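When the chains are written out, they are named A, B, C and D in that same order, and each has its own residue count from 1.
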Amino acid sequence: MVPLSYYLILGGILFACGVCGFLIRRNIITIFMSIELMLNGVNLTFVAFAAHWQRLSGQIFVFFVMVVAAAEAAVGLAIIISVYRTRETLNVDQVNLLKL
Amino acid sequence: MIHLTLFLVFGAICVAGAVNLLVQRHPINSALSLIAVLASLAVEYLLLGAEFVAAVQVIVYAGAIMVLFVFTIMLLNAGEEERTRGSRVAMVIGIPSLLIGGVLLAWVLVRHSGTEAVLAGALPGSPENVAWMLFHEFLLPFEVTSVLILIAIMGAVVLAARPEATSTGPGKES
Amino acid sequence: MTPDLHLWLIPVLPLIGASINGLLGRRFSRQAVAGVALGFCGAAFAWALWVAMQLSSLALPHTEFLAHWIRAGSFQVDFAFYLDQLSLVMLLVVTGVGFLIHVYSVGYMWEEGGFYRFFSYLNLFMFFMLTLVLANNYLQMFIGWEGVGLASYLLIGFWFVKDSAASAGKKAFIVNRIGDFGFLIALFLLIKHFGSLDFQAVFQSISKLSPETAGGGLLTSIGLLLMVGAAGKSAQLPLYVWLPDAMEGPTPVSALIHAATMVTAGVYMVARSHVIFDRAPTALMVVAIVGTLTALFAATIGIAQTDIKKVLAYSTISQLGYMFMACGVAAYSAGIFHLMTHAFFKGLLFLGAGSVIHAVGGEQDMRRMGGLREHIPWTFWTMTVATLAIAGIPPFAGFFSKDEILWRAYQGSWVYWGIGVFTAFLTSFYMFRLWFMTFFGEYRGNGQESSAHASGHSSPGHSQIHESPKVMLIPLAILAVLSLTGGWIGSVRFEKFLGPVFYTSMAEHAALASGAEAAAVHEMANLEFVFTLISVAAGLLGLWLAWLLYCRRPQLPQRIADGLGRFYYAVANKYYVDELYAILFVKPVVEGSTSILWHGIDQNVIDQTVNDSADGARQISDSARHMQSGNLRSYAGWVAAGAAVLIAYMIWMGTR
Amino acid sequence: MLSVETFILVSVIKTVIALIVLLTAVAYTVWLERKVVGHIQNRWGPTRVGPFGLLQPLADGVKFLFKEDLTPPHVYKPLYIAAPMLSLIFALTSIALIPVGNVVSVGGIRTPLEITDVNIGLLIILGITSMGVYGVALAGWSSNSKYSLLGGLRASAQMVSYEIALGLSLIGVLIMSGSFSLRQIVDAQGGTFLGFIPRWNIFQGQIFAFFIYLIAAFAETNRVPFDLPEAETELVAGYHTEYSAMKFAMFFMAEYANMITVACLASLLFLGGWHGPLFGPPLLQAILPVIWFAARIFVFLFLYIWIRGTLPRFRYDQLMAFGWKVLLPLAIANLVITGFIVALKS
């Protein structure tokens, strides 16, 4: 049997990795993937808690998260493509027109 | 015992993939690391009895969303990320944060490990059960998400289509 | 119940005219504008006449309820109309004289710009004036009161491009505000103590009170405050300064608003509130004193004025003083009688003056007139009638009313009478001075010169002195007839007519009048005749002196003026009252506002606060904006930091 | 229940057998294709190596093995090497979940004729197939060649697109049988109705789904008429232009393994799996279902080859338009109607 906390720790590690990735990476696609990593970390906790509390709704939430992630990926990648078309770069540090 | 072993093995793959995602400088490697993470997470889900979630995880996440990522990387021919000196902020804040996180993790492990074991497979996340839940208790959110998907599709088409391009561009499925 | 007279139509008709002309008049031809204005004003007059004819069948006072207005707890104000003898007289005067002046204005203003605007304002004025007159309660009266102020402001500043006209309008408005302030406080006191503003309700509750003797009290305060309002509106002593300046407006406006109707609103209001004043002897005395002093004071200024309209303006103030004097000795009907005759002859005088000004091409300075007798005979003869009337020469209208006032004033105190007679002499003098200077002697003006000095009448064809068109002369003629015959009603009959208004509420007064005083009246008849002779003599003396100085020996006035020296200049400069006010009130207010309110409070406190907070916000933003670097990852960092803090907080709260 | 040791042993044996059979089948599918296409084109096909050229696959294998393994410069080496392996791995993995016959008892050990039986087998197969696209995509990208890249892009887009139609066409069947387990799906198709018509899903109203599946399967496996990713006349060889020797062979094997997987799925889901008349001695009765099953696969493969020899290629925009605008709506319509009917019945 695996303790609940192990799953939570695994989810936390994944989430933390996602946050770190978001913070340290410059490639916009990688940043996007970091977000997906975070989502998955959360999903794992959802499923773990679903098993822990014997409530299926935790798994249902995972589906919704996946749907959101899919929608986000579709739109986000489309945005990335159009950004790339106009700016010729994927480096977020160079896509910084939205300031002051 | 075998559960714990499996958990540890795939958990290790997960963490390794996540860390690899961080350190790889080529987005395609990061993407593949992420796929590995997702696949091993599917196994974790299976261990938790969420078989349908696991399958969907593979089909949707690994099979569709990540394909989209890889596809985009290929389409844009994204190269390696250029190296920069690590920023001072990252050093000042990041390393202490890391330490704190590590300490916290260790503390949690020491204090809470083995206290509450999750019964693997005790909760049958079979398609029938999930579907029952989805189409009864969560029917409205379900329908709303379908609207969300529709909007996302249209948004993706509008965003990605070149103004003069024909309608048959790649990368417009979600 | 008495028949429904639809009294509301009387004020509303001019309002309709004002709306039509005001909103659409720009597209109308002059004929159409004049037609609309005259039509609605005439309709109001006709309705008023019809109402007057129904009088015998009415149980006065007659009230007509129109709509609820304010209902706050027990306090209630309605839109309702109140008709009694007093308001009927006012109604007829206002609509009749107003209509005639409308007719006159068509000729006078024909070549002016803003024709439609003028008539719109004029009709608006009529609306408010009639609202004032027909009001059933003080608040509705106050609407009319303020409304006529507004119309007056608009019309004084009719030629708003002229700086003096604009500032004269402002002055009128502001000075009136001071009076309104008193009026308002009086109203508050009425609400506070009687819970109502309805005339009948208030008077009923007041009539239960006993008169207040020296020392005063509530009613005295209310009376004095009402007097402040009346002094503002009717240009009485401290607050008269706006009226001479109001002559900047077109002459018909001066005739209608600043001679015949609006300025008499104060008199009307005091007469209407007689119940209050009857029980506040102190207030009544103040009214009498103010009126008397104003009469004398304004008459002395009038002597030295050279502007034809200014002379008439001071004359108006003086005559209004007479009316207040009358009211102050509780001779309300005499005051109202004088109000009526004054409306006739002073309206006529202004219209005649307008005709003169029209004739000489916009010149208003009497020193540049003279010998106009032959050129404008109609104007001359009508003006003669009016002058005789105001001078109190029998059998003209002014004689009857003024004589009545003086007689009643004597009954109050011989001091009032003495000053009144002296003022009558002065009045006669300056009016004949005006008459002689304008119509006799040589023409001192110059056509070319005068056309440059114009208040609007400066079109080239006017260099020739000419008689005014018929549309102006007919009102002159009608008013001349009224000025001649208006007094023949006789003060006794007039008083009897108004009696119900002033005596019903004081049953004991009526008993007194019928019983004890009846014997005295007969005895005093002889005395009254003597007094009449004296006042006529004063008028004739004024005539003679004016003839002597301005017709027989025209160089004499200058010598007298030189002889009097400083006093003459003081008089010619209106006793420096305006300057005094400027020093006493205007300057402190302006200076105080500038240094304390503007520089001190507004700039240093309010603006400074706002500016400092804005500067502070900007400085904070200046440093904070570097957070928005455009760097996506720094944003993410902030989000992560925030989330970390939040989680830390939650853990901390959880472990507590 | 079996003991863990027995379980592992049995599983290993089954896996080995399955792999051998599969690889042989792949090899001889290639031979079959060459032969059939040859005859369609009015020629003989391979004849030299062995009787009827039966040893040709062996010769090919030897050739691939011994050919020089060229690695072009400028390729992204890790993925260049990994891509064909990924392809082959995913192609071979799915066979693990495909049952080929009834449960048999060998030496007192009852075991189903498949490597493993899971209750969401179909989902896992779908998941594995969907992963298969990575091999193609990565191969195209890592080769650092424009032909490869275009081929890879086309292949991945096409596979992802048709996967949806494919999956949706299967859901009709799932509704009919109410299970994800392939074995249960097949069991649900046993027997006949109206006396002689077998209860195959294809005869139970899923005929449209079958054709949708068929078309989508062609596209999934990048076969003619949807072989745009490797259209020789346009892209040289698509994503595997830069591959040679054993790496190329891996793609080759993956493609044919995929064909077989798809054929297996078609048989299991639509054509009644291993159901067929059983007769003869017990041994034969045990083997007969496998033979019926193999026969269906053979028919299916033959159909593949037949179409390859007959039809021209689609244009790429036509392909995408067809997938999204025709196949997908049809699949959805089929799904809705099926669901409606099933709901009415129950």
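Rule of thumb we're sticking to: a contact is a pair of C-beta atoms (placed from the backbone, for glycine too) under 8 Å apart; a residue touches a chain by one contact, two chains touch by 3 or more.
Here the structure is a predicted model, which means the values were calculated and not measured.
J.: Report the chain whose CA-based centre is farthest from the CA-based centre of subunit D.
T.: Farthest chain from subunit D, going by C-alpha centroids: C.
J.: Taking all protein C-alpha atoms shown, work out their mean, then name the chain whose own C-alpha mean is nearest to it.
T.: Here the chain at the core of the arrangement is A.
J.: In whole angstrom, what separates the CA-based centres of subunit A and subunit D?
T.: A distance of 33 Å separates the two centres.
J.: Distance from the CA centroid of subunit C to that of subunit D, rounded to the nearest Å?
T.: From the centre of subunit C to the centre of subunit D is 107 Å.
J.: Centre to centre, by mean C-alpha position, how many angstrom separate subunit B and subunit C?
T.: Going by mean C-alpha positions, subunit B sits 87 Å from subunit C.
J.: With chain centres defined as C-alpha means, what is the inter-centre distance between subunit B and subunit D in Å?
T.: 28
J.: Using the touch rule from the top of the page, what residues of subunit A touch 2 or more other chains?
T.: 23-26
J.: Quick check: what residues of subunit D touch more than one other chain, meaning two or more?
T.: none
J.: Using the touch definition from the top, which residues of subunit C touch two or more other chains?
T.: As it turns out, subunit C has residues touching two or more other chains at 637.
J.: Provide the residue numbers of subunit A that touch subunit B in the complex, in ascending order.
T.: Residue list for subunit A touching subunit B: 1-10, 12-14, 16-18, 20-21, 23-27, 29-30, 32-34, 36-37, 40, 43-44, 47-48, 50-52, 54-57, 59-60, 62-64, 66-75, 77-82, 84-85, 90-91.
J.: Please output the residues of subunit C touching subunit A within their complex, sorted ascending.
T.: Listed in rising order, the residues of subunit C that touch subunit A are 625, 628-633, 636-637, 640.
J.: Give every residue of subunit B touching subunit D within the complex, in rising order.
T.: It comes out as residues 26, 28-29, 32, 35, 39, 42, 51-52, 55-56, 58-59, 62-64, 67-68, 70-71, 73-75, 77, 126-127, 166, 168, 170-171, 173.
J.: Within their complex, state which residues of subunit B touch subunit A.
T.: 3-4, 7, 11, 14-15, 18-19, 21-22, 27, 30-31, 34, 37-38, 41, 44-45, 47-50, 52-53, 56-57, 60-61, 64-65, 68-69, 72-73, 75-76, 78, 81-82, 84, 90, 94, 101, 105, 108-109, 112-120, 122-123, 125, 129-130, 133-134, 137-138, 141, 145, 148-149, 151-153, 155-160, 162, 171, 173-174
J.: So in the complex, which bits of subunit D are touching subunit B?
T.: 76, 78-79, 118-120, 123-124, 126-128, 130-131, 133-134, 137-138, 140-141, 149, 152-154, 156-157, 160-161, 163-164, 167, 180, 316-317, 320-321, 324
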